[in-house]
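Labels run A, B, C and D following the written order; every chain starts at residue 1.
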Amino acid sequence: MSGSSYGRYFTVTTWGESHGPAVGVVVDGCPAGLALCEEDIQVLMDRRKPGQNRFTTARKEEDEIHILSGVFEGKTTGTPISLMVQNKDHRSADYSNIRDVYRPGHADYTFDAKYGFRDYRGGGRSSARETIGRVAAGAIAEKVLTELGISFETRVLEIGGIDESNREAVDAFLTEQMKKMDSAGGIVQCVIHGVPAGLGDPVFEKMDASLAKAVMSIGAVKGVEIGDGFAAARSTGSRNNDAFCADETGRISKKSNHAGGILGGMTDGSDIILRAAFKPTPSITQEQETVNREHENVTISIHGRHDPVVVRRAAVVVESMAALTVLDLLMANMHATMDGIRKFYQ
Amino acid sequence: MSGSSYGRYFTVTTWGESHGPAVGVVVDGCPAGLALCEEDIQVLMDRRKPGQNRFTTARKEEDEIHILSGVFEGKTTGTPISLMVQNKDHRSADYSNIRDVYRPGHADYTFDAKYGFRDYRGGGRSSARETIGRVAAGAIAEKVLTELGISFETRVLEIGGIDESNREAVDAFLTEQMKKMDSAGGIVQCVIHGVPAGLGDPVFEKMDASLAKAVMSIGAVKGVEIGDGFAAARSTGSRNNDAFCADETGRISKKSNHAGGILGGMTDGSDIILRAAFKPTPSITQEQETVNREHENVTISIHGRHDPVVVRRAAVVVESMAALTVLDLLMANMHATMDGIRKFYQ
Amino acid sequence: MSGSSYGRYFTVTTWGESHGPAVGVVVDGCPAGLALCEEDIQVLMDRRKPGQNRFTTARKEEDEIHILSGVFEGKTTGTPISLMVQNKDHRSADYSNIRDVYRPGHADYTFDAKYGFRDYRGGGRSSARETIGRVAAGAIAEKVLTELGISFETRVLEIGGIDESNREAVDAFLTEQMKKMDSAGGIVQCVIHGVPAGLGDPVFEKMDASLAKAVMSIGAVKGVEIGDGFAAARSTGSRNNDAFCADETGRISKKSNHAGGILGGMTDGSDIILRAAFKPTPSITQEQETVNREHENVTISIHGRHDPVVVRRAAVVVESMAALTVLDLLMANMHATMDGIRKFYQ
Amino acid sequence: MSGSSYGRYFTVTTWGESHGPAVGVVVDGCPAGLALCEEDIQVLMDRRKPGQNRFTTARKEEDEIHILSGVFEGKTTGTPISLMVQNKDHRSADYSNIRDVYRPGHADYTFDAKYGFRDYRGGGRSSARETIGRVAAGAIAEKVLTELGISFETRVLEIGGIDESNREAVDAFLTEQMKKMDSAGGIVQCVIHGVPAGLGDPVFEKMDASLAKAVMSIGAVKGVEIGDGFAAARSTGSRNNDAFCADETGRISKKSNHAGGILGGMTDGSDIILRAAFKPTPSITQEQETVNREHENVTISIHGRHDPVVVRRAAVVVESMAALTVLDLLMANMHATMDGIRKFYQ
């Protein structure tokens, strides 16, 4: 339960720095008997890979995942699954100039404030490479959830305030930002289909609270919404309440979904809808004012391989954190009732 | 670590239903030697009390707090502090009509989906009375933080989309909502002053992630922002990055605070700024479509004592959850470095 | 997860000091739908009551349990169950002489070393009254386990080295200790029948490791054994290994049970056998050398109501801790396999 | 918080099976600024290495440890330390005969009962190789503790009931067991010097309770004692109580240490004394009765490289688990008082 672990039941612990020998994750609590191989994980991993278009960093990362434990004869054994990716393409020279200077918008200063020093190479532990472990673990969680009929639909809603469905306008905007040596943020939406009603606890371990933490723990995220989110604060009860209705078979659904699938912290059987706001990439080539480790005022220009926008690559990280959360609360729910326990142990 | 506990170090466990004999909280992990009496807690409790103006429920709640353990000769002993408030004014008859019907926007249906049945009286565990325990515990956390120079400034930013500083317009809007038998939501902002740099962990236990969960675990909250939040997603790196600067004494500060005091999940010494979006009160007198426990389509009108807006009373709950979170991460931080451990044990 | 909580799934948090207004416990994670009333709990409570024979303290404790939350219409609701017992018979005068002196064998000195001061009245938090919460919670756990066919058989094996089945010899020995103003220890054994095979995790959360912690967390316990325990260290593999055998229906059992029902940390379907060694009651009337809060050498004679032996009353505490542990690991086990999860969610 | 993690503050998560590609451990929560290199860890690792004398298995394990993260420029960074050892010498053929048969005294049957199948190669997750991660993490914990003046003295007390200080008699006994194709158990004692008073919590997270779980979680341990342990149950209060005394400087110590350095779950400043009873190695060459996966009665003779006794190699595992526990509670103790918190944050 220290800072690099997530999940109470399906517990993942990520480790590794951007420019160390490797990054990885240990998944403890994966149920036994899930068919699993490296390819199952690689599919999700590839969605976060850089170098996919001209707005993502040119850094070549192969990010080939290795399963080191917890899988035997093609199935999970119920013991910890250790996953590792070697760091191949780290040219330390690229980052030497930032060793003594605190980059604005980055965690350089706060790392020093907390720990007294830091691994300054490539962002160290705060590098986007830390999310490799999250996505690898998320891929396993999604595989479990898929077997239970739960699926994810994740997309970028907007970049720099422009609707991502207008892809040309967004690309023109990004080209302009690159010319200006600037960067952009954006909004990612994740919709989760097929979640049974009743997941999540009614007080502190609410489904929405847990999702909020999960998603806000991604580096650049500064806001999280469920359902109508901030717009709900400007609505009225009569408009915001979702009417329940029953069909002839007695199946209950809702006529609208302003709530984003969660009532009182527990899922209501509708789609879960969550959105995350990503700040603009802090690494920009423009000269910026800042201070150095000696607490002197200096300026810095950050060169190197940086995306002008991270949301396209980050969408899969949002989805992974959502998958880890839903699975965790789905497992938690199994001992909620005596009927469930009796059914299990009979 | 089940659903009714919050905090890893300063751990609070709330209990109690709206119409049971009492509600309460156990605080485990409060440091020994804090001067504490009932009045210290009552101050914060009174800020969440209903009946304070004409837009809050007429229900009379005295909410007198009793300390049952963990305090001896006016100081905390380091053992669990048990706090209890008796439920005095519960007229069960008021709620009898909702026993079999799922109120839209409430947790009635999800409780039944999860547990098979529910304490339907007054919202049971999902009642706003559950927050009594949060605020009582939050009052203790604030007292600890005050001794360390950390303070809170919490206010309603807007109600129904109207700036709360224009109090007359807001009151007119609320009067109108009441006439329409409708309700409103709003936005609460909490600013935390004096937090030292370096609190929060860089991966999953980020300060912002933890605050997001804390605040989203309050019943009606549908969105959370840190610093510029969703607006950051529409900004650019050059505008959104906060420049660091050092004064002649070498003290580092930032020229702006778009980040809301948190970089890479760790505090940077600036004010922490967080905002929470509350949905409109779901209990409205207007007739609404819904279903009953027999899964039949019915209509419901909810009478009784309900606020047309909860944000004014809920502000102190946001502040309490923030205080619990900051204290928890402040305690967590004490074993972050060898220097700190050596200093402590010498 | 701070020091006054036990259990990861069925989580109990005890609170209260010997001479405060009350002691109690909050049980979070009890499954919904268990029939429960105060009498169910009182039965186990009464087994730890003092004043049952001439070797237990004359202090009159009614220890009447009150359910304050989590039960509605005679069934648990799945929300926290708050249980409280008022402290009625506390004559503070009895303990005034020990305010400034560290009693040998007690926690007075260590409390001061840790917290700087202590609630010195009647042992404060280290009083046997803290176990009221454990037993009350244990009664609920046992009720759940009973429904699953799991039962407990707990008895005192020996007192002062004398076989408890020779009750007359033990009573003569205790009478002698009382005359000598001395006290005695003893050994309690708990056998758990009907536990299904496969409970417990294979590494740190082993069933035996968890039971050891549970039982060693009872004040006076200084040793714990599973199965043959220390005798196994003097056996040989050929004698200590339990042969498996299958009957004609294919049901697997063991021809002996040196292992005490646990192999590799997981239950094997045989009876779980555990024993706890209790030290002699440290409160004796004989004059003892010790020091006071001013760190001066002094002597102390402890008068008042103290049992010459606690094991007879403590047996039910051992059983309660065992019940809490078995239930916790039984719940943990529900998400061990994909088959189990699929079965549950279909 | 799942089964392969230990520690709430200094949290270690072990992973890996005996015959998979590697075994390892992630240490999360190690304070920043500890000087650490592979050699520091290797020293303790080498104490558990087989092949050190004729009574330990001939299997060649180099067990070379690799630090994959969390250390930069020779110091820990405060982020997770990932340690890995490759499995080099695993001849799968050796174990093929046990694939379908449940070895008596092993976890084969209980693994199948829990998970439905198992990695049968070399004991899989229940192999002694799992302890590599424990010892590697324990080495780091010991290094932290050493800087605080805490040291460990661990030794085998007896083997097969014979005092280990009579080494010749023990070796003769072991030679006899090998001839008989049998095995032996033994007792390990760990004494911890220099622990400050006040560590451990007074209720469930007692120092002795935590040590008991830590040590009982080692595969072959069937009993744990603190101080006089089971002998205390046969003592009297007047003999078992340790008298406190103060020297002229006011320093408090005890005239005896029957309590093993722990009173009321908190350390009293004396040496902590704990003992663990190990059962005889279950792998013996003698023919044994058992059952197979088809639930048929069969016999088995276990050939291969097995120690007739494990205690000599296991002593360092006991010490490692003790070190992890003491460090965890030492870190926990840092937020026990307001004075401590104020001192830290000033």
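We take it that a contact is a pair of C-beta atoms (placed from the backbone, for glycine too) under 8 Å apart; a residue touches a chain by one contact, two chains touch by 3 or more.
Source: prediction; values computed, not measured.
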Where the centre means the average of the CA atoms, what chain is farthest from chain B?
-> D
Where in A-B, A-D or B-D does the C-D interface recur, with over half of the contact pairs identical by residue number?
-> A-B
Approximately how many whole Å separate the CA-defined centres of chain B and chain C?
-> 36
How big is the gap, in whole Å, between where the Cα atoms of chain A centre and where those of chain C centre?
-> 43
Where the CA atoms of chain A average out and where those of chain B average out, how many Å apart are those spots?
-> 25
Please list all residues of chain A that touch 2 or more other chains.
-> 1-5, 8-9, 14, 29, 32-33, 78-79, 114-116, 125, 196, 202-203, 336-337, 339
Contact footprint of chain D on chain A as seen in their complex = 1-5, 8-11, 13-17, 20-24, 26, 28-29, 32-33, 66, 68-70, 72, 75, 77-82, 84, 114-119, 124-125
Per the touch rule, the chain C residues reaching chain D in their complex are 1-6, 8, 14, 102, 104-107, 109-111, 113-116, 125-126, 130, 158, 160-161, 177, 180, 182-187, 196-199, 201-206, 208-217, 219, 221-230, 232-246, 250-252, 255, 258-260, 262-269, 277-284, 286, 288-291, 295-297, 332-333, 336-337, 339
Taking the complex as given, what residues does chain D use to touch chain B?
-> 1, 8-9, 29, 31-34, 76, 78-79, 144, 147-148, 196, 202-203, 330-331, 334-345
